[in-house]
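Each structure below appears as structure tokens.
Two complexes come next, and they have one chain in common, subunit A, joined by subunit B in the first and subunit C in the second.
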Partner chain A sequence: MKLFVHNFMSSRFLKNVTVGYPLELTVKQFVEKDIEFDRENTIVMLDKIQYEALLVAAAAINQSDRIPAEKPSKWDELSDDQLRQFHHLLMNIDVIDGELVCPETKTVFPIKDGIPNMLKVDAEK
Partner chain B sequence: MVKPLQMNVEICASVVTGFEKIAAEEISLISTVRNVKWERGNVRFRIDLKSSPEILKLRSVDNLYVVFYEKSVVSLTNLDKETALRTIQNQIVFCDWESAIETYQLIRGKTINGGSELHVQRIKEFASNGIRLEVNEISPKFRVTCKRCGEKEIHKFSSMEAASKFGADINNAFGWKCSVHDFDIEVVLRIEKDNITVMMALNDESLFKRNISAYGPTTMRSTICHCMLRLADIKSGEIVVDPMCGGGSIPIEGSISWKNSFFFGGDNHELALERCRENLNANSSIKNCEFFTWDATNLPFQNNSINSIVTDLPFGRKIGSRMDNRLLYPLLLEEWKRVLKIGGRLVVMTHDKRSLENSLLKDRSSWQKKSFHIVNMGGLQCLCLCLLNTKSS
Partner chain C sequence: MYFNEEKNKAIGMRFEGGKLAKKVHKSVEQLKRHDPDVQVSSEPTRFLLVSNSSILCGVSLEELEAIFLPLDKSAEFIVYPNKRSYSFVQCSSVETAVEVRNELHGLIPLALKSSHQPFIISYVKNLPDAKKCETYRPADLGIFEDYISTDFEKELADMLASHPSVKSLKHRAVVHFGHVFDYSTNSASEWKEAEPIPPIIETLIDRLICDKYITERPDQITANVYERGHGIPSHYDTHSAFEDPIVSLSLLSDVVMEFKDGANSARIAPVLLKARSLCLIRGESRYRWKHGIVNRKYDVDPRTNRVVPRQTRVSLTLRKIRRKPCECQWKEFCDWDREGEMSVPSNENLALKLENSYVSDVYENIASHFDETRHSSWKAVKEFINSIPRGSVMYDVGCGNGKYLIPKDGLLKIGCDMCQGLCEIASRKDCSVARCDALFLPFRDESADAAISIAVLHHIATFERRKRMISEMLRVVKRGSKICLTVWSMDQSQSEYSKMRENKDDIVQENNIVDTVNRLKVHDGKDFEQQDVLVPWTIDKKSETFLRYYHVFREGEAEILIGSVENCELVSVEKEQGNYIIIAKKM
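The block that comes next holds the complex of A and B.
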């Protein structure tokens, strides 16, 4: 599961959950790939994501220092090097083993072999 | 004498019945294409020979042919068998073998010994003196397939007889070796009432067999997947979800054809996810496709976060049942309405049209029909609907 996916995920479908975002993330095993950087595409992605959740994801793999603590105001004003840091987090990190946790109910959804299991039935509290 | 590369040729692309217009749109994007026309199950167009290899990249077509002869034979349906077959056979010398061979060679990337000039010369010699050429070790192998459209009883000959006679004279004129199973060249004779069309096949294995190596009980052809995805009008950077992805045919085709968008596929069955992993591994260059185990009625996304949903609904035949669909479809639509952005597209395929229509009626203000297509899938008439999410905020 690429790290950018975490940015779109929510446990809102669970009973008694009002927001369910962002999910807590524990990463036990991940691989770092080398996907080709494209400035335009990176900016398009950054326009879609929510920054607070990206910070959660970066912290989960101890790479928070790659990116500023506060969301930059304009993505297209960043240099290629700065954008590459975001690209790296979003696209190059592939979580193999880990857990996604609902922030409200603490329901745990496992990630195994790169695939998150979001079934209520299989999840553990 | 027009130099071969400056020629333009007529191509016939066979497509899934019901999606002809979509295939025609994809074809029209190729720059030197002109005169695009479609009829049931195929799209015809002209293209400059030199840019014709582009047609192999088309994702919405199943098979490609170069059309190198067409004629209306007066009263073919009234002729007795022998005369009809002889008439068909006689057309060989009038076919544009130069176009056929030049196109075949360019697109298949292999030469037919002697090239088009030699064959044009041979056919003239055959026409004037009927001398037969012998097959030798370097002769290419060929076969003739004949398809007759419409009522079969109107002709006094069978398709096999027509194919056989036509093939016999090709063998005589060119010395090509007839081979039903292992062949390099396939000539297709299409006869509809009095009209004869002669084509040469340009692809080996059907193009719809791409992408998937792990087949499941209801795997959909990549060409059908592509046409459904096209209906979703996907833009760069968008997120497209298949909530019931099976082996992942739709997300995989999406990620190959729309490299700058993202495809999320999910299923609730572990066996399906195994197939997804296998199919993704077989297409290792894909970087924009992710799989999940999830419940299609409880998707792990925020409200208004997804751009499009494209999926093959359970028909209620091989998987589930119609009784299940009556309850399931409304639940699915409710959840998909939640996660889709306003204006987002939903493209669905189903055989259970009634369950789908009834479910949509229950929430008619939330969905606007953009288009519908009746598509033949494995003998079943299925409905493909493209809907726009018009929920109020």
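The block that comes next holds the complex of A and C.
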């Protein structure tokens, strides 16, 4: 599971959960890939993401220092090097083994072989 | 069949010299390819290889008989229903074979009706080996040749033939013993007794029990007299009417019985029932396969391809009346709803149970085969995806093997599927996927710019649940965003799928004692007969069949469904090859 996916996931579908976001993330194993950087694509993607969730994801792999603690005001004013850091976190980090946890109910969703299991029935077992 | 007006040759014309030699060469080459065990002979033999004489060439057996029998009245034919352009003719002697060949070699015989190709004839030393085993035979079917002696056969046949109550039935004469078989319900009532079972049949029953072929004494015996040319339509012996097995004894003539897979009517297993053989139709062959006998005067032995003329045949069928409803393991093919398990689900729990057994479990089993076969994309879906601005976020609900996630189209795509096997396959192709239920999407509210769901909605078993799936897709997209869903249409007349199924039965004959409207039915023909069906997925290599649940959509149904969802506006419903492509917008 790439970290950008985490940015879109929520446990809102569970009963009695109102927001379910961002999901807590525990990473037991991840790999770093080398996806080609494209300045424009990165900016388009950053427009779509929630900064608070990205900070949660960066912290989960101990790489918070790659990005500023506050959301930059304008993405296109960032240098290529700064954007590369975002690109690296969102696209290159692939979580192989870990857990996603609902912030409200603490329901655990395992990530195995890079695939988060968000099945409601499994979660409610 | 190749046909060229300009090359049209006159019937009765004969090829000679170099042209003929060329054709002989070609004919022998074909023989080598299909039947390498057959040796061509330079000396005359009794066996003739006759090219351009097969059904594939438009030559019927009747035409072969009309051409060869006047020259050799005891000629026998070895024919192939497909794959070969030639037949073999076995003559009564080498001398007649020489005469036959002199007469017909290179000739376009006058008796040919549609073919205009000359018969090319070579001597061969031998005929093809009989197939060691038939390609397929339904599981559990028992055939025991020479089960009774010729004396016993004669005794039985004489008793039946002289029976005063042999009544004429459309194609056959029939007598019942023990209990009457009711042809309107295809069952027998305990209360409608026929005349007692004759002692000679009781003797046969004793032997069947002694041989452990049956455990209980049959109480409904049917004797059928089939005149040459007559058969019986393909049918199941009604599950709830009779116990397992159905015992059938053949007398006086060989016949080929065709078994048809109830999950795939193109899968036909011809089985030779020789005179005096016992046939036990039990287990899978009884509950899942239909059986019948084609109306014709000859059969082709499935092992040797030899044409065998039929004689008058008597069959004795021994059945035991079932006193309570059938509980076979082939419940999808059964004649009642199995206490709701096989009914069209009327509530949430039954729907979930059905989707689990006939959708989720099946996809886990067929995931890799599914991946090998799913590659083409729907035109309307491609157009929908192309219309989404670059950089948008798109969810693919029920992404399968990831075929819509793979293309690099400038979209940020996340797929999800309930099937673990398919999630793994898509993930290995570098797609971003999560495993989830389409009714409970693991995405935050209004987080995507578009969503697609290809061939998923028709696996959801109630209207309420289909509505919820659409609501859930709308929850995760932004206001004003569009979603695209595809479902199977009940009308498959324009689809590739129907072309694939052209060799299947048009009309499925069913003789059920229970009303089938609320029952799920296995789909085995071209047209959907009802909306809630179990559709077979066959893995040919393993000859495994899985049944998937579908709710196929009627004309106008997509409009009603979308109309019932809050904050949802229908954009379009298009029909593409037996599918509805539905586009809707979040208000």
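In this text, the second predicted complex is superposed on the first by the 123 of 125 C-alpha atoms of A that agree within 3 Å, B and C clash if a C-alpha of one lies under 4 Å from a C-alpha of the other, contacts with A are read in each partner's own complex, and residues count from 1 in each chain.
The definition used in the following text is that a residue touches a chain if its C-beta (ideal position, glycine included) is under 8 Å from a C-beta of that chain, and two chains touch if they have at least 3 such contacts.
This is a predicted model, so every value here is computed, not measured.
Subunit B and subunit C, once both complexes are superposed via subunit A, clash. In the superposition on chain A, contact is made by A:K120 with both subunit B and subunit C. Once the two complexes are overlaid on the shared chain, A:M1 sits against subunit B and subunit C alike. Applying the stated contact rule after C-alpha superposition, one finds that A:A59 touches neither subunit B nor subunit C. When both structures are laid over each other on chain A, subunit B collides with subunit C only at 382-390; the other stretches in 76-84, 130-138, 274-282 or 382-390 stay clear.
Shared interface residues of subunit A (contacting subunit B in one complex, subunit C in the other): 1-2, 5, 8-14, 20-21, 41, 44-45, 47-48, 109, 113, 115-121. Those residues of subunit B lying in contact with subunit A across their complex are 236-237, 239, 260, 264, 266, 268, 273, 277, 287, 290-295, 298-303, 305, 335.
Across the complex, subunit A meets subunit C through its residues 1-2, 4-5, 8-14, 19-21, 41, 44-45, 47-48, 109, 113-121. Touching subunit B in their complex are the following residues of subunit A: 1-2, 5, 8-14, 20-21, 35, 41, 44-45, 47-48, 91, 109, 113, 115-122.
Within the complex formed with subunit A, the residues of subunit C that make contact are 390-391, 393, 410, 412, 414, 416, 418, 420, 423-424, 427, 432-437, 440-445, 447-448, 472, 475.
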